[in-house]
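Next come two complexes, and both contain chain A; in the first it sits with chain B, in the second with chain C.
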Partner chain A sequence: MKKIATMLVIAGALSVTLSAKNWVVDQKGKTFIPSKLTVHVGDTITFKNSDPFAHNAYTDDEANEFDVGMQPTGKETHMKINSKESFNVECAIHPNMLLEVTVE
Partner chain B sequence: MIIKLGLSALLVSSTLFATSDMSKWIRPNEVPQPKDNKLTKERIELGKLLYFDKRLSANEKVSCATCHHPKRGWTDLVPVSKAVGAGRGPRNSPTVLNTAYLRKLFWDGRAKSLEQQALGPIEADVEMNMPLEELIPKLQKIQGYVKLFNKAYPNEGGINNKTLAKAIASFERTVLSTTAPFDKYAMGDKKAISKKALKGYELFIGKAHCADCHDKFNFTDGSFHNIGLKDGDLQGKDLGRYNLKRRAAWYGVFKTPTLRDITKSGPYFHDGSVKTLTEAATICASGGRYKNGVKNKSTYIVDRHLTQTEISQIVAFMKTLTGPDMKLDIPTKFPQ
Partner chain C sequence: MKHFYIIISALLLGSLQLCASDDLEEGKRLYNETCVSCHGETGATDTGIKLTVKPRRLKDSILSAQQMVKIISDGGHAYGAHSDIMSAFKYVYEEEQIENIAQYVSKTFNAHREARIKKHLSEAKVEKLDAKKMHKIGKKIFKRNCSLCHGLKGDGNSIYVEQSKENKEFLFPYDLRKTVLDEDQIFLILKFGAHYWGADKKDMPSWSRKYDDTKLRAVAHFVKTKIVGTD
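So, the complex of A and B:
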């Protein structure tokens, strides 16, 4: 019985890992594209920068806090969703840019 | 060959201009308003009275309008503002004009709404120096204000921090630019601005890269930059948005101001250190006042290699962004 339970736990963990998805968000025209995402814990978000100038995506959300720093044109950065808390991402240079991330 | 190149360049320039999109310069149909503070006549009128009422300051000699006066481009036309008492604030008084369209208020963007912004200067010791715990009871004793607050904000607890902020924000939300010559041009009146200004516009959106930041209807994209007004690192100087949080990108950065009615609101920049638009344009388009060794200088601030003639054309264009003063009856009598 204990073995079965352990196997189920491992299978569950594997399932979460295998189903983790990478979402791509571009920064173009001083806009996050898309501007809304629904993700799961364990997923990653790749930030691209197609603008001819630098961006700096960040969130001050405590559970998912990240700051990619200056991101020049063409460079990619990644963040992992660690918590089930939904949060917003802004650009530190262009605060009118807003990405709403819903974590399910 | 020279003639051919010249004609070709002219054609390219004309084509670019003829097809350039004017819609982004057109005023949005609606002024942004928060759901819990929609504009009403009562709220605007109440906010206007509060905005001009000097009793909101500790010495009853300073109102919001002292540093943000409609007859002075909604600023005070001095490098840094004189506060209650003998002191002066550390920064240039930013214009209230079109702040309704901004998502971050103050030079460092520390307020996320006009409601958040409105109470800051009242309490600031370098401005009106009036603690809210003293101001609210004071206003509650003025029966005229009690009636006006109850009418403007029924069922919101009368005069309190929230309704005070909401009322002032409501008035500020109505401080809007009027139709300037460039607006007429953008709407199709091709004779509304001079050839010199038109050349300045082409530079503004092209070679000079001004529109990279001074973008859209309000001629600001709300972005924050260190434009190299000070040299080196900023030890002992104003760190701008970095004061809010030690984020590397925020070191010494300040908000891109609107260029609407810009001729009315000098001197310029967060420290009020620049007297003329020519000097301001030259600094931005030549890589900053300090070219090298400026920590976290914006990547936008590089030498665009403009001639003096081109700078003067850009200034001529910026002057077309000034419209007539908005109609406003400045109150002279206040609730008792």
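So, the complex of A and C:
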């Protein structure tokens, strides 16, 4: 019985890992593309920078604390969704950039 | 006797007006002799020459005539410009001539400057904060946002500038420590963006979507009291 329970836990964990998705958000024309995203806990967001200048994506949300720092053209950064709290991502250099992330 | 004083006063007033008008004519002559090649006939930098002159459009400049005198005299570099393309004209012109140029630019290109500043300052909704709280907010925002371009010391040395090797002139003033701007002007530029004082639209954007007037005032206060004038 104990073995079955252990196997079920492992299978559950594996299925969560396998179903975790990677979402790509580009920073282009001083805009996050897309500007809205619905994700799940465990998913990852990859931030690309296609602009000819640097960006600095970050969130003030405590549960999903995240700050990529200076991100030059062409560089990719990744953010893992750790908490079921929706949040906004902004750019510290370009105040009109906004990405709304809904965590389900 | 009363009539005598009235006549004398009228004559004095008339001569003063003539002087002012002559000074403006002289300012115009000097402007068209030198400044026009970069700033353009109307102060719009519509010369077709690819020069990085900032604030680009003098007609939108919020600088007072006194601030212009300083920049014309000592050159842009002395007040934080990255290059010395705007030379120190004190080696070319007399003080009075520089004053005439500044008056001409101020009165001809941006005659509504004071009214515009006054209107926007009166419309600002700034909450009164104690000095400690104001400093804390200003410092935090400066570090979080401003320092990424302007550098932690406000000297223009930041990773962002380092990575923008081809065009560092997007930052103006490049060195905030030397800026000629007062706290009100810094506040308005933060609120409306660099475009407000004649820089380009692609330069510093407006921060009003992100921060309210009180917070922007705190940043302006922090810059003026803790950055400007430091080494």
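By definition in this document, the second predicted complex is superposed on the first by the 104 of 104 C-alpha atoms of A that agree within 3 Å, B and C clash if a C-alpha of one lies under 4 Å from a C-alpha of the other, contacts with A are read in each partner's own complex, and residues count from 1 in each chain.
Assume a contact is a pair of C-beta atoms (placed from the backbone, for glycine too) under 8 Å apart; a residue touches a chain by one contact, two chains touch by 3 or more.
Since this is a predicted model, take the numbers as computed values, not measurements.
Engineer: Would you sort A:20 into first (chain B), second (chain C), both or neither based on which partner it touches?
Structural biologist: A:20 sits against neither chain B nor chain C.
Engineer: Answer with first, second, both or neither: which of chain B and chain C does A:41 touch in the superposed model?
Structural biologist: It touches nothing on chain B or chain C.
Engineer: Going by the contact rule set out at the top, does A:70 touch chain B (first), chain C (second), both, or neither?
Structural biologist: both
Engineer: Pick one for A:56: touches chain B only (first), chain C only (second), both, or neither.
Structural biologist: In the superposition, A:56 contacts both chain B and chain C.
Engineer: Taking the contacts chain A makes with chain B in one complex and with chain C in the other, which residues are shared?
Structural biologist: 53-54, 56, 70, 92-96
Engineer: Tell me, which parts of chain B touch chain A in their complex?
Structural biologist: For chain B paired with chain A, touching residues are 103-104, 109, 212, 215, 221-225, 245, 247-250, 253, 299-300.
Engineer: Considering only the defined contacts, which chain C positions touch chain A in the complex?
Structural biologist: 144-145, 148-149, 159-160, 163-164, 205-207, 209-210
Engineer: Once bound in the complex, which stretches of chain A touch chain B?
Structural biologist: Contacts found on chain A: 30, 53-54, 56, 58, 60, 67, 69-70, 92-96.
Engineer: Can you list the residues on chain A that touch chain C in the complex?
Structural biologist: Contact set of chain A toward chain C: 53-54, 56, 70, 72, 90, 92-96.
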